[in-house]
Amino acid sequence: MSILEVNNLTIRFYTRNGVTTAVDDISFSVEEGETLAIVGESGSGKSVSCYSLLGLIPQPPGRIDGGTALFNGKDLLQCTDSEMRAIRGNEIAFIFQDPMTSLNPFLTIGEQLLEPLIYHRQYTRQAARLRVYEVLEEVGIKDPIKRFDCYPHEFSGGMRQRVMIAMALIVEPKLLIADEPTTALDVTIQAQILDLIKNLQKKYAISVIFISHDLGVVAGIADRVLVMYQGKIVEQGLADDIFHDTQHDYTKRLLASIPDGPKLRPAPEVEKPFLQVDHLKTYFQDSSVSIIKRLLSPSSANNDNQFIKAVDDVSINVNRGEIVGLVGESGSGKSTLGRSILQLVPVTEGKVEFDGVDLIGLNPSLMKKQRRRMQMIFQDPYASLNPRMTVFDTLAEPLLYHGLATKKDVSEKLYTLMDEVGLARSHIRKYPHEFSGGQRQRIAIGRAIATKPELIIADEPVSALDVTIQAQILELILELVDAHDLTMLFISHDLSVVRYISDRVIVMHHGKIVEAGKTEPLYAAPQHDYTRSLLAAIPVADPRREQLSS
Amino acid sequence: MKITKIVPRLIWSALIVSILGACGGGENNVTIGNRESVLHWGNGDEPQELDPHIITGVPEHHLMIALLEGLVLKDPTTLEPIPGVAESWTISEDGTVYTFKIRDNAKWSNGDPLTAEDFRWSWERSLLPALGNQYSYMAFPIKNAQAFSTGELTDFSQVGVKVLDKLTLEVTLNNPTPYFLQLLDHYSMFPVHRATIEKHGEPGERGTRWTRVGSFVGNGPFILKQWDLNKVLIVEKSPTYWDRDTVKLNGIHFHPTQNITTEERMFRAGQLHYTNVVPPEKILNYRENNPESLHVSPYLGTYFYRINTRVKHLSDARVRKALALSIDRKSLVKNVTKAGEIPAYTFTPPNTLGYTANLSESFNPEKARALLAEAGYPGGQGFPATEILYNTHEGHRKLAVAIQQMWKKELNVEITLLNQDWKVYLDTETSGNYEISRAGWIGDYVDPNTFLDLWLKDGGNNRTGWSNEEYERLVFQEAPQAKTQEARYEAFRKAEQILLDEMPIILVYTYVSKHLVHPSVKGLPGNLMDYPSYKNMYLSDESQSGLQ
Amino acid sequence: MTSAKEFDDEQGVSLWQDAWVRLQHNRLALLGMGVLIFMIVIALITPWIVPYSYEEQDLMLGAAPPSMAHWLGTDVLGRDMLTRVMYGGRVSLMVGFIATGVALLIGVVYGAVAGYVGGRVDAAMMRLVDILYALPFMIFIILLMVLFGRNMLLLFLAIGAVEWLTMARIVRGQVLSLRQQEFVEAAISIGLSPWTIIRRHIIPNTLGPVIVYTTLTIPSVMLLEAFLSFLGLGIQPPQSSWGLLISYGVETMEEYPWLLIYPGLTLSIALFALNFLGDGLRDALDPKASKD
Amino acid sequence: MLRFILSRLLQAVPVLLVVITVTFFLIHSVPGGPFSADRAVAPAVMKALNAQYKLDLPVWQQYTSYVGDLLTGDLGPSFKYPGRSVNEMIYAGLPNTVELGFYAMLVAVCIGVVAGVIAALKPNTKQDYIPMSLAMIGICMPSFLLGPLLVLVCGIWMDWLPVSGWGDIPGDKILPALTLGSAYAAYIARLSRGGMLEVMSQDYIRTARAKGLSEWVVVLKHGLRGGLIPVTAFLGPAFAGLLSGSFVVETIFQIPGLGRFYVQAAFNRDYTMIMGTTIFFSTAIIFFNLFSDVLATWLDPKLRQQFQGGK
C-alpha cells in the first residue's frame, strides 16, 4: 500500500517579471519501506515538489495550482495550518543539503533535538533528554552526554549531518524526505552517511524520498528512480531498469556526462619546470588556543600546538603545458596551497618560483607584472563575481587595467572572449545574479584568461555545478588549455573529475603530500592507504556494482 | 542559571516596575505645603554656594536673607531701613559716624550670642583680598575699606569700624552716604560665625566646607536642613532667631527651576507656590484667565543698548539721537516683551526714592530722519552696516529683531545681528570691538547713585568709551558733598541731563519683576528691589490645590 | 598602462542607469522622490513667489491664526509663517544634504580604508574615531564660532565633524565582511591596486546600509543645525530654518499651535519622503534584492 | 575574550590622555574666563580669584598640575560652585544620567525590536510600512519638541504622570525615558528589521519550520537571536549618544543629571567641571563601544568560543 500518492501536482511562481512553472502536472507514489530517488538538475523542480507537500515554499510568490497529495488517505494540500504542523516533523521528516547552515548556530544541538519531542510528543525535558542520548548514539555520535551541550560549529560537516538525521528520526516518522543530504560532504564521509541512512531505513521500515543530482549516489541507495527535467517527470522505474535499460535520451545524456575513465588527450611528456614550490609552509594563528596557554608557553616561533598548519612543508613542481590535479578532502590544505602560490595568503616559510622568479617578498610593481601571467578560478560562482558589476565591467577591467585593450577596441576584444567561453553576446549588459551557475563560471573563466596568463589555478571550479553543466565546463577548460598553451593546477575533492582532466595527480592530507604521480598508474595502483580509501569511496553510477560493494 | 536566561528577565522586571509606578500623581506640593505651612519656592539657577562673602546672583540672595540677617533690614513694601540685628542706631551731624546698638536677645543658630565683634570680624573677612569677594565694593564707603581690600592697607584696625562695647559698633565713613544703611542689607555685609569658619579652614580660603548641612551656623529666621544638588534646598524655622514669634512659615523648599517653561508647568501642576520668572508668551493668558496669580511690579533696573562711541559713524551724538528717536518703545513693550515693562526715557528709573530725572524725547521718526541727514546720511545713504551684539537669550533675540526692523523701516539703515554665547559676549563687550550691544543694569540699592556712578571715564561698567568731566564732577564731587537730599538730587538731575543729551546709551525699557504666585501665598507685597521677606510670609490654607 | 580613471565612468554610468530603471517599479519611492523634488523646486524659486518678505513685521498683528492674508498664520512678531517655512526649507534642505554629503564622503572613505587595510592601521584609525567621539562638542562649537566668526561653511564643518564618525564605523563593519568575499580575492589576483579595489569593488557594495544610514542622518543633521543656530553658530535671525521654527514654536505650543504644527508637519513630510526614497534606492542598487 | 578586553582597555589609556590634553588646551583657547561677569570685577579681586585657582600660572603648568591631581583621582574644585568639588558633583549627577540612559535604551530597544520584527515578517507590505513609520516618528520629533508635548498631554491635560523630578514621585521616570529613547527607536527598528530579514532567509529557519514548530517559536526562539546581532553592535555608540544627548531632557524634566552640568560648565567656562564631565563621558563612550563589541561577539557562540579558547 502506498504511503504517499501525488497526482498531477502543478506549482507556479508569480513574480514581478513573469510567471514560471516550477512543477508541471507530475504524479508519483511512494510505497511503505521503499526508497524512491528523485534525480534531476537544479531548476528541474525536484525539491520544490517535495517542499510544497509540506507548505515549506514561500506562498506569496509560489502557488499550488493543482493536484492532490494523499498521505495515509489525507490530502496534504488541503490541510489547515495546525493539521499541517501536526504532520510536519512528526510523521514526515526532512534532512537538508548543507549541514553547515541547516542547524541554528545560536542554540546547542541538544536544545534543537529536544524540540520535536517536546512540541509533538509532549515529553518532559528529562525524558526527552534521555531519548536524545539514545538517538545520538544510534547515528554514531560518541559520548552524547558531553556533546549535548555543544554548539553546531564545534562539529565537522559529517557529524552535523548525523545530528540532522537524528533530529529527523527522533520521532520515528513514517516518511523521510532527504534533499541532497551528502552533496556538501567529502566522498569518504558521504559513503558513511549513505550506509547510516540505509541501515536506519531497514531498522525502522521508513519510506524515504531521496533527492539528488548525483547518479552515482542514487545508484547505491534507491529502489525506484524518478528522473525530472524542467518540472516534468521524463522517466520512472526500478533502479536497475533506469541505469541499464534507459529509455529517455535526457537520462542517457545524464549518464554519459558523468566523468569516467582516463584523460582522452594526455599532454606531451615534457620536463620543462615552470612552477617550483619547495618547503612551503603556511601557518594560521590558532585563535581557539586559549590565551593563557599561549601566554605561558615559551614564545618559540613555530612551536607545535600554537598554529594550524594548513600547508606543512610542501614541495611540488609543475611543468609548462601540463594540468596537475591536486586532490584532498576539505581541510587538507589544497586551496590554501593554491592561494599561497598566488600570494593571496601570507606565506610563513619556503619559496615559490614562477618561471624563474621567486614571488615571495616581491615588491608590488614587479608583483603586478607577474600577476598578469597567473590567474585563478574560484569555486563558488555566486561569490566570485562582484554582484554590482555587469559582465562588461567584470571582463573589461583586467583588459583595460593591464593595457591589453583601449576604450575603443575593448568591446571588440570582449566579444571574442565571450565567444571563446561560450557566452551569448547579448548578455554583455547583464548582472551576475541574472545568470545560472554554469554561465557564471564561464564569466569567471573569461575573466581569468582575459590577461592571456600562462598559469591558471582552478580551485574546485566545477564542484558547485550540475553534472551536465560540469561536463561542458570541463570540456571548455580542456579546449582553452590547448588553445592558449596554459599550465593549470586543478584543485578538487572529486576524484573522477580529477582523473578525467589531469596529467599528473598530487594527493594531500592534513597539509602534507601523501602521494604524487601520473594519473592512470596512481588510480590503478594507489600506494598510500589514504589514497586507496579515497578511491574506494567513489560512488559508481551502476546499481549492480554498488549493491555488491556495500 | 545560564546568563542568556537572566538578562531578558532583568529587562522585563525593570520595565514592569517602572510601569507599575505610573499610577497617578498623588497629592501635589501646594496642597501639602498649605497644610503644613511649607512654602515651595522656584528659585531659578542652582545656588553656587552659601558663603555670603563669595556668592553673586539673585538665587543665592534669596537663600542668604533666609539663613542670615544684617544689622539693618528693608521694609517689605517701602524698602525703608528697619531694625535688623541692630535694635537702633544714631548718626552724627556730619553724617559720617554711625553707632549701632545690637539686640541682647540676638543669637546664632547654635545658641552663641551675637556681638559687635562678630560684625567687625565678618566685615574684615569680607574685605580680605585673598577671598576675591566680587561685592566687596559695598563696604567702600567705610573709611579705608577700599585700601584694605586692595591690600595697600593690612591693619584692619585703621578701617573705620570700632567695637565700643559688647553690643555697640561704631562705623566711620569717608564722607556722608545717605544710602549707607541700605548697603547693610546686602549679603556681603552679613555676619558669619567665626568659630565655624576657622574650624573648616582659613578665613580667606574659598570653598571650605563650613556651609555644608550640619556645620552651617547662621543668625537668620531659618536654618539649613537639606541640600540635594540640582534637586531641592530645604530650610526650617529657626528656634533661636530673636524675632521667631513673627515667623509663620515652618519651612521653605527652594527648587532650582532653571528652565522657565518647565517652571511654569510645575506651577500649573501645583508643584510650586512661587515662580522665579514668567514665560513672556504666557503672560497674556494669565492676565485673562487667572490674573490673581500674576504678580508684575516695577523693578529697579533699566534695559538699554550700549553704543561704542569710539566707532567713527557712532561717535556723532546726532546719529545716536536719531537711532534713539526712531524706536517706538510703546509698541515694543506692548507687542514684543508683553510683560508690562515701562518704556524708559531716563536711565535711573522714575521716582527712585523720590528722584526723577527730566525725560528724554519719545518716538519721533521725522526728527530722527532729520538728525540723520544733518549728520551726513540723508535717507540712510552711506550709513555703514551696523551690528547689534546680544547674548543667546530668547528675549534679547526678539527685541533685537524688532528694533532692527524699526531702524530699517524708519531710517533705511542696514542692521545686522550677532548672537554670541554669554562669556564670549562679555569678552567682546569689555574688549570694545562691538558697535551696538544689548545691556541691562540693576541697582544695588534704592538711590540714583547706583545708576549714575557707572559712567566714570574707563569705569569697569562704562565700556562705551564716552566720558564727560562736568558729568564726573557733578556725580563724584558735588553730589556727595551736597548738604541736603534735595541739593544732591539736583546735582544728579543735572548730570543725568548731560548723559541723556550725549546719549551714549539708547534707553529701551524699565524692568518689571514678574512672578506667578499661588493665591494661598500671603505677606508678599511686590517692591522695587523684588526683595521677598520670608519672615512676614504665610500660607492661608485654602482648599484650592493646583489650578488648571 | 592606461590610468584606471579612463574606464571608471563606463562602469559608473551603467550602475546608476540600471538602478533608475529598477527604482521605477517602487511606487512609494517615486512618491518620495516626487515630494522631495517639489520641495527643492519650491525652495529654489522661493524669493520670486513668496507673498511677504521673511523679515517684514507687523507688530500690531502679532501671532495671528491662519487667515486668507496669511495662509499659515503669523509668528509672535507678525511675520508671515508661509514665507518663513519656505525660506526655512532653503536652509534646512541645503544643510541637510550638503552636511550629510560631507559626512558621507569622509565617513565612507575613512571606513573603507580602515576596514580594508585592517590590522594595526585599522585599530589606530578606530581609536582616532573614539577620541573624536569623546571630545566635548559644545566647546568645539563655541571655539569655531569665536575663531572664525560665523558663516554657513562653518556650520557644515561642525556638523560634518560629528556625523562622519558613526558612518565610518558602519562602513568599516561592512567592509570587514566584504573583505573575505572571493570577488575581492579575484580582484587582488588580477593585480589591481588596493585603492582601485576599494573604489571599484568595496565601496559600491557598501551602498545599501550607507544609504539607509544617510536617510537617518539627514533629519538629525537638520535638527542639529537648529541647535547650532540657536547657539549663534549657524544662521542669524531674522533668517530661519525648519529646526529653528520648531524650537520657537515649542515655547508657544499651547497659545499659538500653528507656529509649531506647520514647520513640524513640513519637516516630517520631508523626512518620510526621504526614507521611502532611501529604502527604494537601497533595493534598486542591490540587484539581487529586487529580483523577486 | 580576556585578551580582547585587555588590549582594548590598554588602547583606551592613550585615547583618554589625548582627549584630556586636547580638551584642556581647547578650553583655554576659548575667550571669556570663568570669572568674567556682567558687573565688571575689580582687578584686585580678579587677581585674587585667579591665584586661588592657579589660573595665573602659564597654561602648560596648569596642565601638569591638573594631570597630577587627576592621577590621585581629584578632579579639582568647581569654579562656578566654589563649595563643591567636581568629584562630588559628578557622583551626585552620574547615577541619575546613567539610570535615565538605561531606561531610555530600554524604551528604544522595546519599541525598536518589536517594530523591526513585525516589519520583517512581511516585508514591503502594509505590515512593514506602518511599524517602520511609527518608529520614524522618534526621528522627526526631536526631544526638545517631544518632551514638552508629552508633558502637556500626559502631565497637565490628563494628569496621569508627574511633570518633573526624578525618583521622588513614582512614575516620574517614564516621560523622560520615553522622550530620550524614542529617537533611537527608529535606528533600532531599522537595524532589527534588516537583521531579521537576513536571518529569516537562512536554512536553519527552514529546518525549524520543517520540525513543525509554531511560527511564533520559529521567529522568536530561532530567528530573534541571530537577527539582533546588528542591534547589539549599535547599542554601544547609541548609549554613549544617550548620555551626551540627555542634557535637553534633563532640563525639560528637572532631572539632577550630569548632562546639565556638562553644558552649564561649557557656558560658565568652569574649566575643571568641563574636564571632569568630558573625562567621564569619554570613559563612558569607550566603555560602551567596548561593551557592544564584546556583547556582539559573545552572542555568537562561534565567536565566543573562539575567544574563550578551545573547550
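In order of appearance the chains are A, B, C and D, and numbering begins at 1 in each one.
Keep in mind that, in the parts below, a residue touches a chain if its C-beta (ideal position, glycine included) is under 8 Å from a C-beta of that chain, and two chains touch if they have at least 3 such contacts.
The model shown is predicted, which means the values in this text are computed figures rather than measured ones.
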>> Going by the touch criterion at the top, tell me which pair is linked by more C-beta contacts: B-C or C-D.
In response: C-D
> Among all chains, which one's averaged Cα position is nearest the averaged Cα position of every protein chain shown?
Replying inline: D
>> Averaging over Cα atoms per chain, report the distance between chain B and chain C in Å.
In response: 45
> So how far apart, in whole Å, are chain C and chain D when each is placed at the average of its C-alpha atoms?
Replying inline: 23
> In angstrom, rounded to a whole number, how far apart do the mean CA points of chain A and chain D lie?
Replying inline: 48
> What whole-Å value do you get for the distance between chain B and chain D if each is reduced to the mean of its CA atoms?
Replying inline: 37
> Listing for chain C: what residues touch at least two other chains?
Replying inline: 142, 146, 254
>> Where in chain D do residues touch at least two different other chains?
In response: 30-31, 148, 152
> Which residues of chain A touch chain C in the complex?
Replying inline: 15-16, 61, 339, 342, 344, 364, 367-368, 371-372, 374-376, 378-380, 383-390, 392-393, 396-398, 400-403, 406-407, 410, 429, 431-434, 444, 447, 451
> Contact residues on chain C for chain B in the complex?
Replying inline: 55-57, 59-60, 62, 76-78, 142, 145-146, 150, 230-232, 236-238, 251-252, 254-256
> If you look only at chain D, which of its residues touch chain A in the complex?
Replying inline: 2-3, 202-204, 206-214, 217, 221-222, 225-226, 299-302, 305-311
> Quick one: in the complex, what on chain A touches chain D?
Replying inline: 54, 56, 85-90, 93-94, 96, 98, 101-107, 115-116, 119-120, 150-151, 153-154, 164, 167, 287-293
> Which of the residues in chain D come into contact with chain C in the complex?
Replying inline: 11-12, 14-16, 18-19, 22-23, 26-27, 29-31, 129, 132-133, 136-137, 139-142, 144-145, 148-149, 152, 183, 186-187, 190, 194, 233, 237, 240, 244, 262-263, 266, 274, 277-278, 281-282, 285-286, 289
